[in-house]
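Naming follows writing order (A, B, C, D and E), and every chain is counted from residue 1.
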Amino acid sequence: MTFDINVIFSNLPEILSGAWVTIVIWIITTPAAAVLGFLVAVARRFGGVMLDKAFGIVIAVLRGTPFLIQIFLVYYGGPFVGLSLDPIPAGVIGLSIYGAAYFSEIFRSGFAAVPKGHIEAGICVGLTQGQIIRRILLPEMTMLVLPPSVNMTVILMKETAVLSIITVPELTATLSAIGSQQYAFVEALFVLALFYWALVEITGWLGHLAETKLTRFRFFNI
Amino acid sequence: ADTLAAVKAAGTLKVGTETAFAPFDYIDAGEHTGLNVDLFAEIGKELGVKIEWVALPWDGVFPALEAGKFDVVAGPATITKKRLERYRFTPPIAEATIAILKKAGDTTISKPEDIAGKKIGVGKATAQLDQLKEFSETLPTKVDVREYPAFTESYADLAAGRIAGVANSLPNIAFVASQRKGTFEVVLPPFGKKSYFGFIGLKDADHAPLMDAIDAAMLKIKADGRMAELQKKWFGASFDTPDAVKDPAF
Amino acid sequence: MASEFTAAAPRQTPPMSIKLFELLLQAAIYTVTISVVSILIGFAIAIVVSAMLLSRQRLLALQARIFISFFRGVPLLVQLLLIYNLLPAIGINVPSIVAAIIGLSLCTAAYQAENLRGGFSSVPAGLVESAEMVGMTPVQIFRRIKAPIALRLTFPALVNEAILILKASSLVSVVGVIELTRMAQDLAGSTFLPLEIFASAGLIYLVINWIVALAGGLVERSLPGVPR
Amino acid sequence: MSVPAITVKNLVKTFGGSTVLHGIDLDIVQGQVSCVIGPSGSGKSTLLRCMAFLEESTKGTITVNGEVLGFAENAKGVRERVPAAVNRQIRSQIGMVFQQFNLWPHMTALGNVSEALKTVHRMSRRDAEERAMAQLVKVGLEGKAGHYPSQLSGGQQQRVAIARALALNPKIMLFDEPTSSLDPELTGEVLNVMRDLAAEGMTMVVVSHEIGFAATVGQQIVFLDHGKVLFTGPPQDVFKRPRNPRLEQFLDTYIDRGASMLL
Amino acid sequence: MSVPAITVKNLVKTFGGSTVLHGIDLDIVQGQVSCVIGPSGSGKSTLLRCMAFLEESTKGTITVNGEVLGFAENAKGVRERVPAAVNRQIRSQIGMVFQQFNLWPHMTALGNVSEALKTVHRMSRRDAEERAMAQLVKVGLEGKAGHYPSQLSGGQQQRVAIARALALNPKIMLFDEPTSSLDPELTGEVLNVMRDLAAEGMTMVVVSHEIGFAATVGQQIVFLDHGKVLFTGPPQDVFKRPRNPRLEQFLDTYIDRGASMLL
């Protein structure tokens, strides 16, 4: 098998700039998606039946179709209806909304897991809805919600690769360009795997750290 | 081991390809078709073997070639200097010289030089990109080059009006224009240095006899006029191609 | 020569829409089959892996961590290429569709195992103690007490992952399976109608996933309530 | 009997078909301790939870200090939801101790008690914790302030729950079996605390199985059976002249046991 | 006094630095009812949980019917973990009712009671449910068999927990405040059930705050305070001639309250 490590070194500047774009988009997108998803989950839980149903449909559409197709339609179809966005803003906004749909479901499961009595206790001492969410629901559901959230963070990182289709010069695009220019496909995939693996490991490690920090208490009963 | 012997023994030549490269290789109404299919059918006859197609996305083609999932890659790809360093190319099967695709009825572009200062789309990391850039240098105002992950997206953006044209090899865009008559038009003539499409194989000793045999078969097909016939069928015209490209322009 | 090109290639206009949509639907059968099988196998693996993760035996937990590190960390595309291209090198020849299922199952198992771990850790200790006291074996406790509760707690996240895998199955074209996305790309590459074709493919994905989400919702509501 | 702090009118509560409260009418007098007794499953907790609007009633109204809580009902029986802000305002006068305590597992004992002082009453962290600590001292838990609920014994959890409710100085307190997990000593202490509160004019509703406790501390006894009020009156009436046969039967076992103590 | 069913020897339990049980020595006699009383936080639940090896002791041994449970300890104090299978076998003779009930929320009352019969005792579904139903009838819950724990009142939950433990016919029962949420009537009934069990020779350890209850049903009273056993003996000795000043003080409030009942 042809494996020429020099291909990587001779293209290092491009690879690094691609990696940088990937990381920046990912780091903006994930928190945005999480916050947006959280707000949607709150709206669905506390905002009445109509809001719940409406968001249910939006989420079904966002989750139901591949991000590739969504971003393709928005970016290339957008101009036909007068919506012309630049690649990176389009990518960041699109990916945040897409991720929010998944995050909202994760938070929904978290809300449902907190014993009703704990919320009632909050109501009885006069906490407002916002305070109950912030001070009781969020911390209590941490253990349940963190692992899937880390999963989602990882998935969003990998979804950034899709943005190459709207000409965002992120890492996957850069590497596949190097691959097809010099036909160094194997080397390109190797770097790609290594890079994503490293980022995922760091994410997973941060997730564990957060877990041990945030879930020191024990559930003593339901 | 000698791959040619293995292929002959098995009676099948496995060919890897991507089926999204019309008119060379594509799915028409569910049928795998294109120049590649016809040409390899002839090559198979010459070698006395059957052809077995393995369709993969382009990302997967070369890892699979290296892993021995098939013997040769149909593609085709533009023969370039860098690619020759890693892989071996067959004799050219068509010209890959570049031309412009524009929106139908766009009167601002009537010859290649008119793209000066305009936004022109091209596939990222393609041989066509290099050609377009070189051509752009010769113009009074440079071309605003937009790179796309694949040509499909650039056509979509041309239709969406984000760009004024797409630069790609003439056989490809001629086919695009013929398929979407009211939408696209080809700007003639082609420009830039001549380049050629070829099929791809491995360089190692094991594959040398096989590649030599394929080369010989293709030259025979070319010599007796079958190649020109196929080119006419698929491109509407035949090309004058060299027997081998040892020193490409790019 | 040049002028001939505009009139060139008089390919018959394909019997468009209907035929194309049919092709997409046929490809969608692969998408559904491969995904559903992978999700089921992956889920079974995930339960074992998540149990290992929470095991008090360090070695088991470590093995599970490595499993997750690899199958969650390395892009699915690369995993598939490895399975498809490297397994034959060590003498195991797998057909495309099997390679696709192996790849997807292992990948989803890694994600699902993490989801389930969160669920298992959220099962109140007292419920396990009361199960121990009635004499259940660890396996019985796992099957009858921990798993149903964890499943109920993590269900929405599990459905999320199932839907993600359905979509990630588009990557299996890299091992030679022509599923929905690949078919859409092929058709877009020959008809040059990418917007229309991708929109149709999107619609098919939407319908499939809608069914998954609806089924998920039904199951979720039918699970006996855990939270008080 | 003076102004009622809570008026329950024709309260009906059904859970998916089965009726748990069958039209309860009840006045909780301002500044008095009312004890609700009755067999298990008779609807005591449900009644208390309706009084705090934790449970939506099916019919009837609850009035707290003259204001309608939860659902208003006109003469024709048409119900209308009271605005959430009003409910919150009314509820801020009510404190509640739950049968299952419902402590927040992610906060220490001190955190549980000081939480509302900080977030609702906007006290500084320092002040809130000082006041919370004072409450914990009152229930004998100064040594356990830093423990999480999972690290506390049953009785300690119950006392944290009591401290949490009392720290807010509510005008009305609803206790659901506040001494179920307490030993006799502590029960006595809690009883003293409640006596003091009563003397200060706090209105209290106490669900209790301990009839002795009810008799000592209560000024009004409410006997609930199968979702109906079978008796209301001062404790003397309950114990001296039980007239309701069901109540008599209910108390019999108790008197048996009380006697057995002296064996 | 005959064979001890459970022998506790020099049991020490610390939770991260603070010692909760300071070297407990105790014999639970076969076929007797032993009542553990003591103030909140004195270590009663912890002692019970150690007896069932739900809590790993820090030092000392627990012997059940002659077999060592949890950790064996040699003369030099070196401890060794007993194989899990052995522990499980020993534990299968012990039933436990938890202070917090610990009912499984995803199973109905009937499911909770029949679960172990099906999975552990390998009874057919039909037989298991029949037997479970019989137990539910005994605790007066035939009408609630299909309810989930979240749909049960506190006392109903507690009764399900009792039924769940008794359905398995254990040789030894550990009760942690089995009547805390029960009204006097039910307390009387549970007491009767326990009397019957005692008559059939079941060994029982009961943690209870209800001294009257302890006195009536118990043949041995264990008074725990601050993690130490301050008194063991028959109930007569406790109530007739209290000699330990701490015990006397502990009981005082109770007697006060008992008296107040008669007001």
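The criterion applied here is as follows: contacts are C-beta pairs under 8 Å (C-beta built on N, C-alpha and C of every residue); 3 or more make two chains touch, one makes a residue touch a chain.
According to UniProt, the chain labels map to these proteins: A = Amino acid ABC transporter permease; C = Permease component of ABC transporter; D, E = Amino acid ABC transporter ATP-binding protein.
All figures in this text were calculated on a predicted structure; none of them were measured in a lab.
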| item | value |
| --- | --- |
| Touch-network distance, chain C to chain E, counted in steps | 1 |
| Labels of chains that are neighbours to chain C and to chain D | A, E |
| Geometric centre distance via CA averages, chain C-chain B, whole Å | 35 |
| Gap in Å, rounded to a whole number, between the CA centres of chain C and chain A | 17 |
| Cα-centroid distance, chain A relative to chain E, in whole angstrom | 50 |
| Inter-centroid spacing, chain D versus chain B (mean Cα positions, whole Å) | 82 |
| Touching two or more other chains - residues of chain B | 59, 63, 66-67, 153, 156 |
| Junction residues of chain E - those touching two or more other chains | 100, 102, 105 |
| Per-residue overlap in chain C, given as positions that touch at least 2 other chains | 77, 81, 124, 126-127, 194-195, 226-228 |
| Chain B to chain C touching residues, read off their complex | 19-23, 26-30, 54-57, 59-60, 63-64, 66-69, 152-153, 155-156, 159, 170, 174-180, 184-186, 188-190, 234-237 |
| Of all residues in chain A, those that touch chain C in their complex | 60-61, 63-70, 72-73, 76-77, 102, 105-106, 108-109, 112-117, 143-148, 150-152, 154-155, 158, 161, 189, 192-193, 196-198, 200-201, 204, 215, 218-222 |
| Residues of chain A that touch chain B when the two form their complex | 1-2, 4, 72, 76-80, 84, 164-167, 173, 176-186, 189 |
| Contacting residues of chain D [partner chain A, same complex] | 52, 54, 88, 91-92, 94-96, 98, 100, 102-107, 115-116, 119-120, 148-150, 164-165, 168 |
| Residues of chain B touching chain A in the complex | 58-59, 61-63, 66-67, 82-83, 85-87, 124-126, 146-150, 153, 156-157, 160-162, 200 |
